[in-house]
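Below: a set of structures, written as structure tokens.
Both complexes below contain chain A, partnered by chain B and then by chain C.
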Partner chain A sequence: MKKSNDAFWWTLFGGGGALTAMFVPALLFLFTIATPLGWVEGPSYANIAWLLMHPLTRIVAFGLISLSFFHWAHRFRFTLYDGLQLKHLFELIAVICYGGAIAGSLVAAYVLL
Partner chain B sequence: MESKTGYALHHPKWQRDAKPIFWWVKRWVYIGFIFRELTSVAVAYSAILMIILYRSVQSGPEAYAQMLECLSHPVMLVINVLALGAVLYHSITWFNLSPKAMVVRLGDWRVPDLMIAGGNYAGWFLISAVIAAAYILG
Partner chain C sequence: MAEETITIEVLRYLPENGAEPEFQSYDVPLRSDWVVLDALNHIKDHIDGTLSYRWSCRMGVCGSCGMMINGEPVLTCAAFLTKYAPGPIRVEPLAHFPVVRDLVTEVTDFVDKLKHVKPWVVREEDKPLEEGEFKQTPAELSDFKSYTMCINCMLCYSACPVYGLEPGFAGPAALALAQRYNLDNRDEGNDERMARLSNDEGIWSCTMVGECSEACPKDVDPAGAIQRYKLAGAAEWWKSFITRKGK
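Now for the complex of A and B:
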């Protein structure tokens, strides 16, 4: 059942897991909770636009977004297998999960790069 | 000397006990495991938010203001609080498991688990502090 390309997907999963664990909580808290509730003011449009549009930021953000999707794909795939006992749909689930991650990465590339 | 290997026409069925779908609600450890795996949904959600953020910034100041407005809707706030809880759980479980995933050896000395996890936590706090400082100082 183990396939030879598992290590490849696991590397993407691991990289995404580590990066998101480091970066996402702070970003999510500041952007979606602290700012809307008025706890912090947040940067001005000009500054945020400058930072996000900087080529280096774009590349880093693209990597973070893409790896987030692959992290999800790998974990969610095995949650469906183990949690919901869907082992008989092995290939279909793998195609949907990794396909979703690839599609998400393409959208991110289109928007960011 | 003719020996025939007896191939079965069909693959014999393995003896397996059918497991109910909600096998994991019986013990807290299992619930924790499933919840940890489901934090990946919040990670993917955050990635989608980041794309939306980029899109709104590219569209100009009005679109950006509109997106911030949208984020202050109560429904969005509830979703995002749940998502934040999930990604925090993801970070903590990830750092706690990191010593198991990467065993660091310096010569004969194996770096203790606590130091590897501690290093991860230190990195996390540092990165979060830098992000917060950059964000607040604008």
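Now for the complex of A and C:
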């Protein structure tokens, strides 16, 4: 049995899953439902813009977005392996999935940092 | 008034006939206190003595009467006929295992996997008897107690789609049992088990489908055990990566 480097990818997957599950539903609810419908008084554009300009916010946003990509990559890789029975394309799928997550993270870093 | 009956469709496989497996139907009394195992015993005793299946305790302890009922892995001693009324009830051997005959499966692969995880208290050095017993607090026991409830019924292996696709996968019960000993404060075999199981045929094959925990008749939660094991495996991997001890 060969040693696996899945521990590395699983850490990113697990971290992304935990953070996404915790923060994304709350953020989506607040900024795409509650605020537009007037259920809560949301912050003004100027306030949000100021918050997003802060380096700490950008680092947090980058972490959340990047780890979400890796969460998707790991899950989608196994969906293709097992769900679609494409295990023979092992390397290609891994490159596409993790490569996609890395590319997405680079774009996020370029935009945010 | 005639007694109410229910139809049991059993997948028969008789290798000496050389025929493909096929379903055979039997009508059995639909009694409220009968489980599927009672119906199989009724068939064997009164209708067709050639039917083969495993069973022993009839009370959810021995783990030998697991079969597929209407496509779900269950203990037949705990599956009441009335739950499936009006039927028919389809009974097949446990999925993902080779079939020896009728409902009897070949389980050597599972037994080998159990042995592979060293499911016993591993000590680097045995403690001399005169030093007395190992102490364990209720809190320490509760860390792993739920994993000790496994009866090796293999329902989780039939439920696990990964095991169905990759027979090399150590599987839910064996990994949960490994965790049972890893989390036991008397045990010192953690490193050895990690070396055996932190690989593509061990914990990292599990894709957290969770069907094993759904199927478990003893609430062992193998899926949860494997996730905890993955967390320990990932921590171990990062530790060895950082300290450059090599993977």
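Assorted remarks:
In this text, the second predicted complex is superposed on the first by the 103 of 113 C-alpha atoms of A that agree within 3 Å, B and C clash if a C-alpha of one lies under 4 Å from a C-alpha of the other, contacts with A are read in each partner's own complex, and residues count from 1 in each chain.
We adopt the following convention: a residue touches a chain if its C-beta (ideal position, glycine included) is under 8 Å from a C-beta of that chain, and two chains touch if they have at least 3 such contacts.
Because the structure is predicted, anything quoted here is derived from the model rather than measured.
When the two structures are aligned on the shared chain, A:Ile59 is found in touch with neither chain B nor chain C. In the superposition on chain A, contact is made by A:Leu112 with chain B only, not with chain C.
When the shared chain is aligned, no partner comes close enough to touch A:Ala103: not chain B, not chain C.
Put simply, more of the residues of chain A are touched by B, taking chain B and chain C as the two choices. Contacts of A:Val95 after superposition: neither chain B nor chain C is touched.
After overlaying the two complexes on the shared chain, residue contacts for A:Asp6 are found with chain C alone; chain B is out of touch. Contact with both chain B and chain C is seen for A:Phe78 once the two complexes are overlaid on the shared chain. Applying the stated contact rule after C-alpha superposition, one finds that A:Gly14 touches each of chain B and chain C. Once the two complexes are overlaid on chain A, the chain A residues touched by chain B in the first and by chain C in the second are 14, 78, 85. Partner chain C is touched in their complex by these residues of chain A: 1-8, 10-11, 14, 78, 82, 85, 87. The part of chain A that touches chain B in the complex is made up of residues 14, 16-18, 20-33, 35-37, 40-45, 47-49, 51-53, 61, 64-66, 68-69, 71-72, 74-76, 78-79, 83-85, 104, 107-108, 111-112.
Those residues of chain B that touch chain A in the complex are listed here as 19-21, 23-24, 34, 37-41, 43-44, 46-51, 53-55, 57-58, 61, 64-65, 68, 71-72, 76-77, 80-81, 83-84, 87-88, 90-91, 94-95, 98, 101, 120, 123-124, 127-128, 131-132, 134-136, 138.
If you check the complex, the residues on chain C that touch chain A are 161-162, 165, 198-202, 204, 207, 230-231, 233-234, 236-238, 241, 247.
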